[in-house]
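Down below are the structures I want you to see.
One chain, subunit A, links the two complexes that follow: it is found with subunit B in the first and with subunit C in the second.
Entry: the complex of A and B
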C-alpha cells in the first residue's frame, strides 16, 4: 500500500494530475496520452465535446477505472489507485454525472452512509449516533452557506439539494479534491450561480476542484484554469485569463468548421397554418408528490415550436408527460388533428403521431442495460420493414440501427455494446435518432440539450427546426432560456401548475420571461397571443 | 444479460466484443457449477468419501453407456419444459415461481384425458390430452398474471401460494373422483396405451417428450430473439419505464408471458404424464419446477444454457439415485450441489474482482 499523503499541502505543485494516461475501450481510444495538473486550491475546468474522454479521465483519477498506461499523480508523486475507497482515503471524491444517492433514504442518512458516527452503548455494541450526525450536518451546512431539510426523503428533494448533499458528503469525509462531472447539466440558471458561489468558497478554504461542463460561460465565471480535451487528448491547457470563449471553442472543435453560434429562428408566419395539437382545460392531480396541473389550454400549429418555461418543478415535466400520454389527466382534452386522445394509452398517442424525448435520459429515455441497437430500435418492432412474416428481420434491424445512428452522427463502438458505454451527449442523440425514426408529427421534447456539447446542441436544434419545416410541430420544455428564445415561436410560462403567461418570439427576452416565471400567477392577466 | 449477446447477433459488428461476451457467458455457466462441486467435495470428505472417486463414478453412471445416457436425458426432459417456462418470465422481470404448480395441474389434466377419452378416437387422444394440459396450466398462471398486471399483486407471493393450492387440488382429486379403483392409493388409472408417448430407446424410459422439450427450447430461442413480442418482453424486463415510454403495454406483456409460461409448463406436465409415468399420482413432480428455476438461473435465460443445464441436472438426478444404491453416499449430496449452483448462479460474478480487474462496475 502506498503511503497516505497529508492533505492540503500547499507546498506541492500538483495536488492531483495525470501523466500520459491512455485508456482504450475496444477500438475506441477514450484517453490517449493525457497529462494535466491541478494545483492545490485551484478550480480546474475540463471541457471538450461529447465523447472527448472527460468522464473516462475522471473515473481514472477516482480509482474507478485503471489506465492502460500512464499514472495518476498525487501531491507530485505517482500513485496506483486500486479502488475509489483508496482514492477517498487520499482525499479524492467525485460527484458523478448521474447521482449516486440512495433514493429511499433521507438526506441525512445519505450524508453519513458508509461512514456513520457511532456511539457505544455497552462494550462492543454501538449504534449510529444520529444526534451527532445532525450536528455534523448542520456544521457542514453552515460552512457551505446553504439550507437543507435533512429529514427529507432523498427522492423528494430537488436535484440541486441532492447535489449539495453529494458535495457535503465528500467534504465530511475530509476530501479536498472534488471532481464534479457536469454538475450544472441538471440545474436551473439560478441554481447554477449558487453552485458557483459554493465552489468558489470551498476553493478559498483550500479545496482543489475539477469541474466539467459544456457551458463555457460557466467555465469563465468559475474556473482558474482550463484544460481542453479533444478525441482523447488534452489539446490545450491555460489559465482562464489567457483563453477567451472563442479560443476555447476553437480548441474544442479542432479544425471542424462547424459554426455553433446560433441563428435565432425567425417566427414562422404561415398564413393559414393548420392547428395540429389542441389542449383544453387540462387538469391533472398530484401523483407521487408531483405538481398538479390546473386548467391548461394551448394550441400548437403546423410548423411551430412552442416553448414551455418555468422555474424547475412548476409542472413543466408533468405537462409534457400528459402530452405524451404517460400521465393520466383528471379532466380536459388533448386532441391531435381533431381526434381526441384524452383517456387513451401512451401507445395510442404514439400511434397518432406524438413522439417523446424524456428529460430523464437514464431511467426513461434509455434502457441502460440494453444494447445500443435495442435502444435505437425500440418502438419500431412492429414496423413491416423490420419483419419477415412473424419474425424480426434482424439484418434489416441492424442496418436501420446503423443508419439512424449515422444520420445524427452518434459515435459508438459496436451495436451490441450496452448503451451506457456511450458518452452522455451521444446517448441523447441516440434518443432523438429513435424518436425521429417513427416520423411523428408532434415532438414533445423535454430538456433536450442537458449535457450535450456545442456541436450536439447545434445538431439537436437543427433536428427540431427541420422537423418543423417538414410540416411537424414541437413542444419544447427547457431550463435554458436562451434555447427557448432562440428556437420558439411562442413561449408559455408555467407557475405552480398553471399557465401564467405567453410571450411571442419577438417580445421574448430573459427578462420578460423571468418576470412571468417568478410571478405567482394569482390575479395575473394571461396575455393571449 | 447473456440474452443480448447471442440473441442480437448483429452481423459483422464487433466480433471481438462478441467473443468476449461469449467467454463471459461460459464463465458464468461454469463457475457456479465448479463452486458447487467443490462444496460437494468438502461434504464428501467430511463423511470420509473420496470426492474424485465419487464424481468419477457419478459421471460414468450418467454418461458412460447408451442406456445410462438415455436415463440422463430422460431425467432432463421435464426440466427442459420447466426451465423454459421459468426463463420466459424471468427475462421479462416477472419472478414467477409457480411453474411447479402449473406442471402438476397440466400432468393431472393430461392423465385424466388420457384415460377418460374413448379409445375409439385413436391417436387423437394424444394431442387432445396435451391441449387440455396446456389450457389448464395456462389458465392457472393467467391468474397471477392478471393479479400482477392489473392489481399490482406481488407475483412471487401469489405464484408461490398457488403452488400449494395446485398440490391441494391434485391431491384432493386423486384421492377422490379420479382415484383408480384397481391400482391403490393416491393415483389415477393408467392411461390408455394409445395415449402413451413413444419410447425412443427401449428399454430406457426416454420418450418422445424429450424431443418436444427440445422443440420448446428452440421455440423459446426463436421467440426471444426473433419475434417482436420477445423483444418487447426483454425491454420490459430491463426497464419498465423505458418500455412504457416507447409504447409497449406492460400489463399485456406480463399477462402474455405468464400465459405462455403456463402453456409450456402444461406441455411439460403432459409429456411427463403421457411419456414417463403414464398416470398421475401424488408426488408427480419431484420439484421439477424448482430445479427448472435453477436451470434457468444458471443459463441466464439463454436457450443453449437451458439445454446444457437440464442435462447437467438430469445427470445429477439419474446418477444420484443409482449411486445411492451401490455406495454409502446419500442422495442429499445431489440436493446440496443443486442448491449451491442456484445460489452462485444468481451471484453477479462480474462484481467479484478476481478476473475482471479494472472494469467499470
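Entry: the complex of A and C
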C-alpha cells in the first residue's frame, strides 16, 4: 500500500532466511544449526512438533531473540536484528496466534495504530485523519475480498475478521514478509480456504510467507515449500511436490508412533446405555465479552464421548463452564443420574461426580508455581488419609502423588519441582491424574491437547477412551475437528450460543461439521440428534 | 443571593480540585496505570503554589510552578513503575507518605512552623468576572465565583473526549492501556506513552493543589488535600473512565462537600458530616458491584 516502502524485490534469491542458527536455553538446544531460505513470492511452511524449535526460530527472525551463533539472512545479506522495531522496519511482520489487536479499540483504530494518517488543523497541531484512514481501509478490504465493519469494537468482531485486520495492517505498513503462527487454529474449514486464497494472492503479488502449522493437509494445500523441524534441527526441506504427508509425518515424528488421529475410535456404545448427564433448556446470560447461551439441551450416555464443536467464541467454553458448575446459569437444568445440579456450586458438581479439565491450563488448570505434588493432590487435601491431626500427612501425600502420576505416566523430575517445569503434555496428564483421583463419572474436558505434542496427544486420547470404557462418559470441547471426529460418538455444534446441529460419528466430516459451525443460530432446525 | 445559588456556587468551586485530579487520573488509567498518588502531587502543588505566589506576587507563576512540580513528581513516579518495574499501588502508597513527610520536614526546618504555613503577600486566583455579575439571576453567584483554573478544568472535560479519540497520542494512550503488547508489536514504545500519562496526571494534580491553596484560603496546611486525590480516583472508577461521567461524579462530591458546610450550621456534628463523601464512595462501589451481580443472575 505505502509507496514509500517498495520492498518487494524479486531479483534477490533469499528474501528472508537463516544460516546455521543455534540457540540454547541452558542445556536445551532449541535451535541447532538451522538453515532455511524463503524466496520472494513463496509460501514456506515450517512444521514440527511442539518443542521442535519452530517458535525459537521465528522469535529470532523477528528480532525478539538473538542467536548464539549463525545469522539471519535478509535480501541475500546477513543482518543483525537488534529489536522487533528494526525487524518491522525491514518489512518482517508477524501474525500471532494471539492476535495483536487491542480489544477495546475499533478495527480501524487497530489498523492505523502506530502509523496514523494525520491532517493539520492549525499550525503544528495535527489530528488523526479518520476519513483517509477509512479510505485506505476500504482499499485493503477490497484487496482481501472481505467485508469489514471498521467501526466495530475489535472484541466483538468475529475471529477470522480480526485475523484479516491483522494481516491487512502488516500489508498497509509495507511488510512483505509475513510470518503466520498456526493461523488456521481458530478458523472454521470454510474460513480456512478463504485465508488460503488470500495468502496465495499475496504470494503472487510477491510477498514471502512463512506458515507455521502442524496440520499437514493444510501445508499441502497452501505451501510451495516445506521445512520440517525436529529437536532443534531442520531435518528436511523440500518442495511440497516432493514430500507427501506420510513422508512429512516420518520426518516430524522420527521413530515415534504414527499420528494418533489415524486410529479412529470404534464407537463404544454399551448395549444398555444409561443416561448419565442430562441438560435441558440451559440458558446463561452474557457477562463482559462472553457468549450468552440460549436454550441448550443434550444428553450424555454411559460410555459415550460427546464432542462440542464451534468456531472459537460461540459459547463452547461457556457451556463447559456451566457443566462444571463454574458459571451461573439463568434458567434450565443440569442433572446427573437424575439429581438436579442447577443453582449449585462447583464443589457440589465435583461431589456429584463431575471432573473438569480447563482449556486454560496455565491459569485455571494448574497452580503454575506450586509443586507437582501439591497440584496433583489439590482437591484431596481434606481427605482423612492425607491428614494427621490438623496437619498434612506428608509421607502419605507423597505416596499418593507418586501413584497418581505413575498411573498416567507423567514424566517429572521431583515431586517438589514447580509444575511449570513439566512439558505441556505432562502438565495436561497431571491435570487428568488429579481430576480422575476423585473417581468422577463425567469428565468435562475443554481443549485438552492445546499446546501438547503428538505423543502427549496420543496419551490423552487414550485416557479419555479408558475413562469411557470404565463406565464413565466425557464431554469434549476441541478446536481440532480431527480430534473430535476421531474420538466422539456424537458431535454437537454451537453457533452464537445455540445448539445448531448434531452429527453422529459415522456422518462426521470436517465439511459437515464446518457447515454447521458457520450456520447462524436463527431459525435453524437441529440437524439430527 | 438565594441559598440554592449559594450552594451551587460553593459546589462548583469545591469540585474544581477533585475534577482536575480526576482528569489527570483518568488519562493515566486510560494508559493502563492506576495512579493512587494523585494526593501526593496535589499536596505538593498546594505547597509550592503558596511559596511561589508569595515570593513573586504572581498567581500565574504560582500555578505554573504547581503544574511543573506535579509533572516532575509524576514523571519520576512513572519511571519507577515503567522502568524499575515497581508495583504501581505500593509505589503510589509510598509516594503519598514520602511527600507528606518531606513537606512536614520542610515546614519545620525551613519555615519553623508545624502544620500550617502562612506567608505574606500571597496572591490568590483572580475571579474571571467582576463582582457585579452576581446580580445576574440564577447563575450570577456561580459566574462570580469562577476562577481561571475552574474554567480550565471544565474546558478540559469538554475537550478530552475529542482529544482521546482523535489525536495520535490519545489513540496510542488508549491502546497502551488496553493492550500494551499490541503497542509494542506495532513498533511503538508503550512505556514512554505510559510515562506521558503519568506526567499528565502529575501536572493536573499539581494544578488541583494550586486551586486548593490559592482559590480562597491563601495558606498551606498539611491536611489541605484531605483525601481529595482518593475521591478523584473513585470518581473516574465510578464513571468507568468516561470524561463527562467523571465530571458529573466529581460535581456530586463537590456538592456533598458544599452541603457539609450548610449541614454544620444546622447543628450536625462536623466531623461526622465530613465522612459523608467517603461513605458515598464505599456505598457507590458496593452498588456498582451489586448491579453487576444482579445482571449476572437476571
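Going forward, the second predicted complex is superposed on the first by the 348 of 529 C-alpha atoms of A that agree within 3 Å, B and C clash if a C-alpha of one lies under 4 Å from a C-alpha of the other, contacts with A are read in each partner's own complex, and residues count from 1 in each chain.
Keep in mind that, in the parts below, contacts are C-beta pairs under 8 Å (C-beta built on N, C-alpha and C of every residue); 3 or more make two chains touch, one makes a residue touch a chain.
On a predicted model such as this, the values are computed, not experimentally measured, just so you know.
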item	value
Touched partner set for A:64, first subunit B, second subunit C, both or neither	first
Partner chain in contact with A:285 - subunit B first, subunit C second, else both or neither	second
First, second, both or neither for A:116, with subunit B first and subunit C second	second
First (subunit B), second (subunit C), both or neither touched by A:96	second
First, second, both or neither for A:356, with subunit B first and subunit C second	first
Subunit A residues touched by each partner, larger count belonging to subunit B or subunit C	B
Touching partner for A:378 - first (subunit B), second (subunit C), both, neither	first
Which of subunit B and subunit C A:128 touches, first, second, both or neither	second
Overlapping contact positions on subunit A, where the subunit C interface meets the subunit B interface	none
Subunit C partner contacts - residues on subunit A that touch it in the complex	84-85, 88-89, 94, 96, 100-105, 109-110, 112-116, 118, 126-128, 130, 169, 173, 285, 287, 328, 330
Subunit C to subunit A touching residues, read off their complex	166-168, 171-172, 174-175, 178-179, 181-188, 292, 295-298
Interfacial residue positions of subunit B with respect to subunit A in the complex	1, 4-5, 8-11, 13-14, 16-18, 21, 222, 225-228, 231-232, 234-235, 238-239, 241-249, 357-358, 360-361
Subunit B-touching residues of subunit A, taken from the complex the two chains share	26, 59, 64-66, 324, 326, 345-347, 350-351, 356, 358, 360, 363-371, 373-374, 378-379, 381-382, 387, 390-392, 394-395, 397-398, 401, 413-418, 434
